[in-house]
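Chain lettering (A, B, C and D) follows the sequence in which the chains are written, and residue indices restart at 1 in each chain.
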């Protein structure tokens, strides 16, 4: 424990000694991780954002004439228990008539000519927010195929596009996050490699005066870890600040209502991920970079 | 000209001499620019994508009863000349009736009881693709306020959200592109700084044996430029390959129809931008980095 | 202690920096290695601590065949050897004190012991007053003495010094060789490459003379080439 | 040609590396600078080509006050001075040929001229056969001779050599000094820092002796300290 403490202290002294290169490394690591963090956040948030749309989907199912009320009640109950469903509203034939007059006020007087309502009964389905559009779509399809249902009317036109967008962004997000993790590792790895390369003379002298491989390696590992750790801390701080600032800026410019873009959603998992990623990249980059300098 | 040629050849020789560090620099520059390129592309494409939605907007305007046909024709003509508008379809009172029967087949027989159509006449407006939703929205508002228009019906529910999204992405894009340009410059600047720092001994020796500042500076400038140039070339090649690969992958996974996500849209401006950016960052980074080594 | 069996070294094809050298050096000997510039003195010494490996032949140090010594055990060999490099090889970003302390710290010595031994070594070469300077901030001769201090600080079994007095005036040079002599009395083998005839004359020791990589003379104690 | 007026140099407060030196060196003189390790020889030389600046006092080279020379005109001064650095200062990633060529290339000389002059200089120090080697691949003495070749290659008006024979055997040292002598005959000022009494004896020249930063003796031609 005490050994580790002195080793860490020595590493910090060493980092201070090679200030220029280490501050640069730190900066570059921080920014690499920042970019990674931004991307990660963005894909999380856009996904989150597109899911918000689910609550705007409304599906109306018209029943066949003379369907037993009990069957409709059963369906309603079943739907109410569905996790996707926010509300199910039943419109009897009369209620449908009232709705009709609301939508076409010019035609109100036509209806006076009927004794009973000429409209079919129906249910109107609304959905909870943050549900996957794909799931909602397949639920709607399913209900539409029931024998008691005569026809359906859904505002899925946009929803489908949003679903496509959401799916696309998710996939692109995975793809790009993968590339970005790779790039981050590549950059940090090489920064540390340059750092070590830059000190190859020191390594060779240490070997010549009888230092063991581990004696040489450990400070570099700790330094790599420290650089990665502080790099990710800086990246987290900057990311956090950005995420606090962007909404203020964005709202002032495009009058975003809080409800639409939930930018207040800052998942802490991003920061944890960044710090773990940064520290371990720093550590392992050092481990691998130093190997070639420990020959002969 | 010949001088420049030898200078460039010498720079390439020099880059070869310091292979390790320069290949690393090149790689890091390439990847930094790649990230920048991806971001740039993404914001361009998402913008492009959201604009595609404009062709899905349909606006119906109902006219007051007894409005002169000429006024409607004038409006129709005016709208047909509008750049945003794709088609204007006039529905006379009778046509509205036909449409009504199509939408509510159960109510067909009601209409038989009328002598003349009880429906108001209307026009249906469809919009061209790739138009800004904001412009479309304000056009619709404008028409809605005309005295001959009694009411309007628009499927703008989703469109508005898309507009918000689009606006947001544009702003976020500008914001993030700004940050990314800054980061790219920062990283490349520092890579070249490390590169020069690494060769500070060479610079000091050159100064001691009587080289002018420009003699020392020019190779670094050219090297910086070359690194930046090839870095951006690599970045462009990778970006291009990615953009060719992603759609194939994406389509196979989420069955994207070509129409929805026009991923075939690869603006060459991105590559030009990358190359200019890369080369000049390389050049100017060298220019500024070398300054401090030319003291005393 | 140090044995060479038909050792050859070619850096470049058909150019022998060392050519068929067989020699045996006993524990506690004090040896000068001399010869013109480029004769192979540094190469000879580098092979002893395995900075260079022979192209042909065997080298045994303490009966251990260097060809069979794996890289990760090299440090064991080098802890027994104190080396003064011809180009000093000081770490620019560490103070003189720290430079001298490296071999001890690399051996995990306790701080108090390190301190005592470093000050001791610096006193021997007359540089205690410069201990907190960085190598680039002292004169060439002072740097060379730091290199000497680092070589002797860890009580090595063998001391190898490659032109340790090249940057020192005669008086100081003699002092340094005297220090090596004193260390040698304790049974430590000393091997010094030098081109300083003055020193060869003043200190009658065994002298190995190289010429174009070949051992052209090996004159015992008291002999002068 | 070289004039010092009450020059002091403190690297560290209250420690004078050079202390109140006033001296005048004429064009075409051949001067040895001597003194113990740390006496201030290198510092004295460094101030002539303005690697270091005096803490107090004035230095005039060719009647030009170095204190008034702006950084971006420094190269003009340095083109007139050929310098052999105590630590050689060779570029590791350039061949010996390229290292020697640097001062000429930095002056934009034509390729043919560069070639002729470099080969000339390398011949003088006996290293043409090593011209395509890298500095790390030649012996210490060979490196030193490369440094000497680079110093003389550009026909400088002044040659400054800081212990140019520290890594060379006596014979070679004498040869090198003879080269400097030959150059000196053409009216070129030569200033050599050395601690080699042998050389001081063999070449009777003006000798400046420093001690703890002070000029303790200035003995004219033929004098031996």
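Quick note on the criterion: contacts are C-beta pairs under 8 Å (C-beta built on N, C-alpha and C of every residue); 3 or more make two chains touch, one makes a residue touch a chain.
Bear in mind the structure is a predicted one, so any value in this text is a computation, not a measurement.
Annotation of chain B and chain D: not jointly contacted by any chain, touch as defined at the top. At the far end from chain C, in terms of centres built from Cα atoms, lies B. Between the Cα centres of chain A and chain D there is a gap of 67 Å.
Distance from the chain A centre to the chain B centre is 22 Å, each centre being the mean of its Cα atoms. Centres computed as Cα averages put chain A at a distance of 63 Å from chain C.
Listed for chain D are no residues, as none touches two or more other chains. For chain B, the set of residues touching two or more other chains is empty. With chains as nodes and touching pairs as edges, the resulting graph is a single ring in which every chain has exactly two contacts.
Which chains touch which is summed up as A-B, A-C, B-D, C-D.
Of all residues in chain B, those touching chain D in their complex are 17-18, 201-202, 205-213, 215, 294-296.
Chain C makes touch with chain A in their complex at residues 49-51, 71-72, 74-76, 78-79, 81, 83, 85, 89-91, 93-94, 102-103, 106-108, 150, 154.
Against chain D, the residues of chain C that register as touching in their complex are 11, 34-39, 41-43, 86-87, 137-142, 144-145, 162-163, 166-172, 195-198. Listed in rising order, the residues of chain B touching chain A in the complex are 20-21, 24, 27-28, 31-32, 34-35, 38, 42, 49, 53, 56, 106-107, 109-110, 113-114, 118-120, 155, 157-159, 161-162, 164-165, 167-168, 171-172, 175-176, 179-180, 183, 186-187, 190-191, 193-194, 197-198, 242, 246, 249-250, 253-254, 256, 260-261.
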